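Here it is: the structure, laid out below.
Naming follows writing order (A, B and C), and every chain is counted from residue 1.
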Amino acid sequence: MRTRRSLAPLAVALLLGLAPAGLRAQGAEPLTVFAAASLQDALRALAEAWQQRGHAAPRFSFASSSALARQIEQGAPADLFMSADEQWMDYVAQRDLIAPETRSSPLGNSLVLIAPADRARPVALTRTTDLAALLGPNGRLVTGDPAHVPVGRYAQAALEWMGQWQAIGPRLARADNVRAALLLVERGEAPYGIVYSTDAAASQAVRVVGTFPAESHPPVSYPFAVTRRAAGNAEARALLSFLTGAEAEPVWRRFGFIVSR
Amino acid sequence: MGWLTPEEWGAVRLSLEVALRSVAMGLPPAILAAWLLARARFPGRPLLDALVHLPLVMPPVVVGWLLLVTFGVRGPIGAVLNEWFGVRLVFTTEGASLATAVMAFPLIVRAVRLSLESVDTGLEAAARTLGAGPLDRFATITLPLMAPGILAGGITAFAAGLGEFGAVITFASNIPGETQTLPLAIYAATQTPGGEATAARLALVSFALAVGGLLLAEAVARRMWRLLGRAAPS
Amino acid sequence: MLEVALSHAFPGFALEAEFAAPGGVTALFGPSGCGKSTILAAVAGLLRPREGRIALDGAVLLDTARGISVPAERRRCGVVFQDARLFPHLSVETNLRYGLRRAPRGAEGPGFEAVVALLGIGHLLRRRPLGLSGGERQRVALGRALLARPRLLLMDEPLAALDAARRAEVLPFLARLRDAAGLPILYVTHALDEVDALADTLVLLEAGRVAAAGPVEALSARTDLPQLSRRRDAGALLACTVLAHDAARGLTRLGFPGGELVTPLRPEPAGARLRVRLRARDVAVAVTEPHGLSVHNILPCRLEGMSEAGPQEVFLRLGLGPTTLLARVTRDTPSRLGLAPGMALWALVKSVAFDRAAAAGEAEPATPLPATPVLEPAP
């Protein structure tokens, strides 16, 4: 008798732990949004507005678009995917992981060269600028990994346009995502970094010393889509509409994004 | 040789170098910390114990961030290193080694401390009666008897160091040839489309290195126990 | 001369001891837990007593009142531990040289080869402690302590961890060491046969206090020390000299101050000095001189006193010149024989009472030993 009684709480605990998580109604569950790291500040502000409209706060996962795409591919439970370049959205679209009719690219961004705030002097970014010389003999340029991080890909394109890729490529410090790159320039570890203008605006410790001309790189484009698994979820579609709609536009602009409709 | 690209071999060599350096960096302070925790009596001892074990309980990325704040050129220690010695740690192999050493530190301290506690203090007392002062005793009696435990700690650190990722990528960043160790290379490969084959190859190499290192350590440890004239614990 | 005075407290036990060790071998004798090892540790500097003063030949090693405490590594007290404590990672030779290497310049003491020869460990030099027997390990430990050129040797029950055969092997080496080294030795033990074999002075410890201290022969003849007198083998210890052998009859004559003893033939040469324990229970008395007995030893003596030796037994203290013997008899004997102090009696001791175990002293090793070399101080 005594053993049975002491086993009961244990059994309850086990059952609770093992019970399927989806016991709540579909619609009431908070949404999961996978978004590129550079979108995080703006998205948090938008999430507040979304909540004020009476909805549940969405759960965010911010990382490089490459990491997120890979996770979605492996079955991660994302409802919305907000990538920092078309290539990674294409990647998931090819694998039939999004609802293609929900895909749109409402945002753009510009690519800038940043330096630590106390060492910032303007740099003209033209085809003749010797950026490698500016780095000095030991300095490194920090940006995302051009192999897979969108900002790194844009940066490589821009450097190739400047004719500097040969010189600077080997001296690149490859960060995992754009925010990590920003951190390293903030800490003064690298004299220069290449990030989005929106990221530079978010940090007090760095200054923009030059903006890459639009023609030096493919346009920075942020495609958004609802994932295949959330295709039937009205709440997910509603959130996407909100984020791409008129009410969100001033918020995006406020954070420095270029809004194209 | 054609199985891995030159860049990949570079990552293998770098991993070995970083892991070995991290052990070299971590052992002396670990021996000191182990001695303080095992033998010394001072008011802040529980605090030291907690501090030593911090890297074990914190996320590696946080450890990397703390290292950045402390050892980066704007950090209290990093600034001194940079201005007085011209030494920079971020983006360098030394930095990757430091990050790896910090993450492995608690493991080394534990192994060394256990070995220190297993040294018979009666032998040290005998050495005293034969005229050996404290440093003499430590060098001629305590340390040699701790050697198998220190070796075990070193091997553990080496194996752990081969796999360290979060702290290294946050503190030293990912620079092929300088800081792109095997874990970082594997991670980059998993992120790149079509990189699965590369990732698998590198993971296999990583596994082989770790297993090889551990087997070597076993063999050396047994030899050392025999040299010590004791029976190895089974 | 080693002067020791200290007090120290453990949970449930208080040590309060004071004695002087005049040189030669001083045995600290007592049951387990009486504090003898604590005293040794304090003299060695491995333990700091709550209060105390320890001085060797006038040099102060410890004086808590004046805040003086010489660290153990500078006291130059060689210690032989019960468990040998040889360094397992070093060879026997390196172990032996460990203290020698750290001895101060100009310290006098025996040379390496002499000590190795004395202790018969030459064939072990290359080996590691792990493979040695208990007896071999203790001999190496003795050598190591001696080679450190100490001013005083401390031995903490060095034979206690050995079985009977090993003890019989090592005891002679201890005797040789005592004779050859010429160092004062403080010897902790709870085995009376070791005391008989080695000690000159005996310090009796009981429950943390010194019950008695003095020359070992004198203490052995006292009946007021229960630690000694309650033992079944209690009896007087006699310092004898071998006078002559009679091989034809298989007898040896031993002389002691106050008389002679006849024993079965002994191996020691004439002139050798020997200590012999006369167990009180092997001594009978006669009021008139007996004749026609098988007993060889019929010794005239004077009854000096009687005291209780247990519930049914009585000690008789018999004086033969300067020597006192003890006899243990039943309680009714004094009244039965009409004994009174001052009476002239005869003490009767059977020769065969002196078996090999009862006679102790200089070595009876299994293999014949060369003459003990005098250890010259090495340059």
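FYI, contacts are C-beta pairs under 8 Å (C-beta built on N, C-alpha and C of every residue); 3 or more make two chains touch, one makes a residue touch a chain.
Remember, predicted model here, so these are calculated numbers, not experimental data.
Colleague: Name the shape of the chain contact graph, picking from line, ring, star, complete and other.
Modeller: line
Colleague: For which chain is the distance between its Cα centroid and the global protein Cα centroid smallest?
Modeller: Of all chains shown, the one whose C-alpha centroid lies nearest the global centroid is B.
Colleague: Between subunit B and subunit C, what's the gap in Å when you average each chain's C-alpha atoms?
Modeller: Comparing mean C-alpha positions, subunit C is 56 Å from subunit B.
Colleague: So, what's the distance in Å between the C-alpha centres of subunit C and subunit A?
Modeller: Taking the average C-alpha coordinate of subunit A and of subunit C, the gap between them is 88 Å.
Colleague: Taking each chain's centre as its mean C-alpha position, how far apart are subunit A and subunit B in Å?
Modeller: Computed value for the inter-centroid distance: 34 Å.
Colleague: What parts of subunit C, by residue number, touch at least two of the other chains?
Modeller: If we look for residues of subunit C contacting two or more partner chains, we find none.
Colleague: Taking the complex as given, what residues does subunit C use to touch subunit B?
Modeller: It is residues 44-46, 71-79, 81, 83, 85, 87-89, 98-99, 102-104, 128-130, 144-145, 148, 154 of subunit C that touch subunit B.
Colleague: Can you list the subunit B residues touching subunit A in their complex?
Modeller: For this pair, the touching residues of subunit B are 65, 68-69, 72-75, 88, 90-91, 169-170, 173-176, 188, 190-193.
Colleague: Would you pull the subunit A residues touching subunit B in the complex into a rising list?
Modeller: Of all residues in subunit A, those touching subunit B are 64, 66-67, 70, 91, 138, 140, 142, 145, 147-149, 172-176, 180, 183-184, 187-190.
Colleague: For the complex, which residues does subunit B have touching subunit C?
Modeller: The contact residues of subunit B facing subunit C are 120, 122-123, 125-133, 136, 140-141, 144-145, 227-231.
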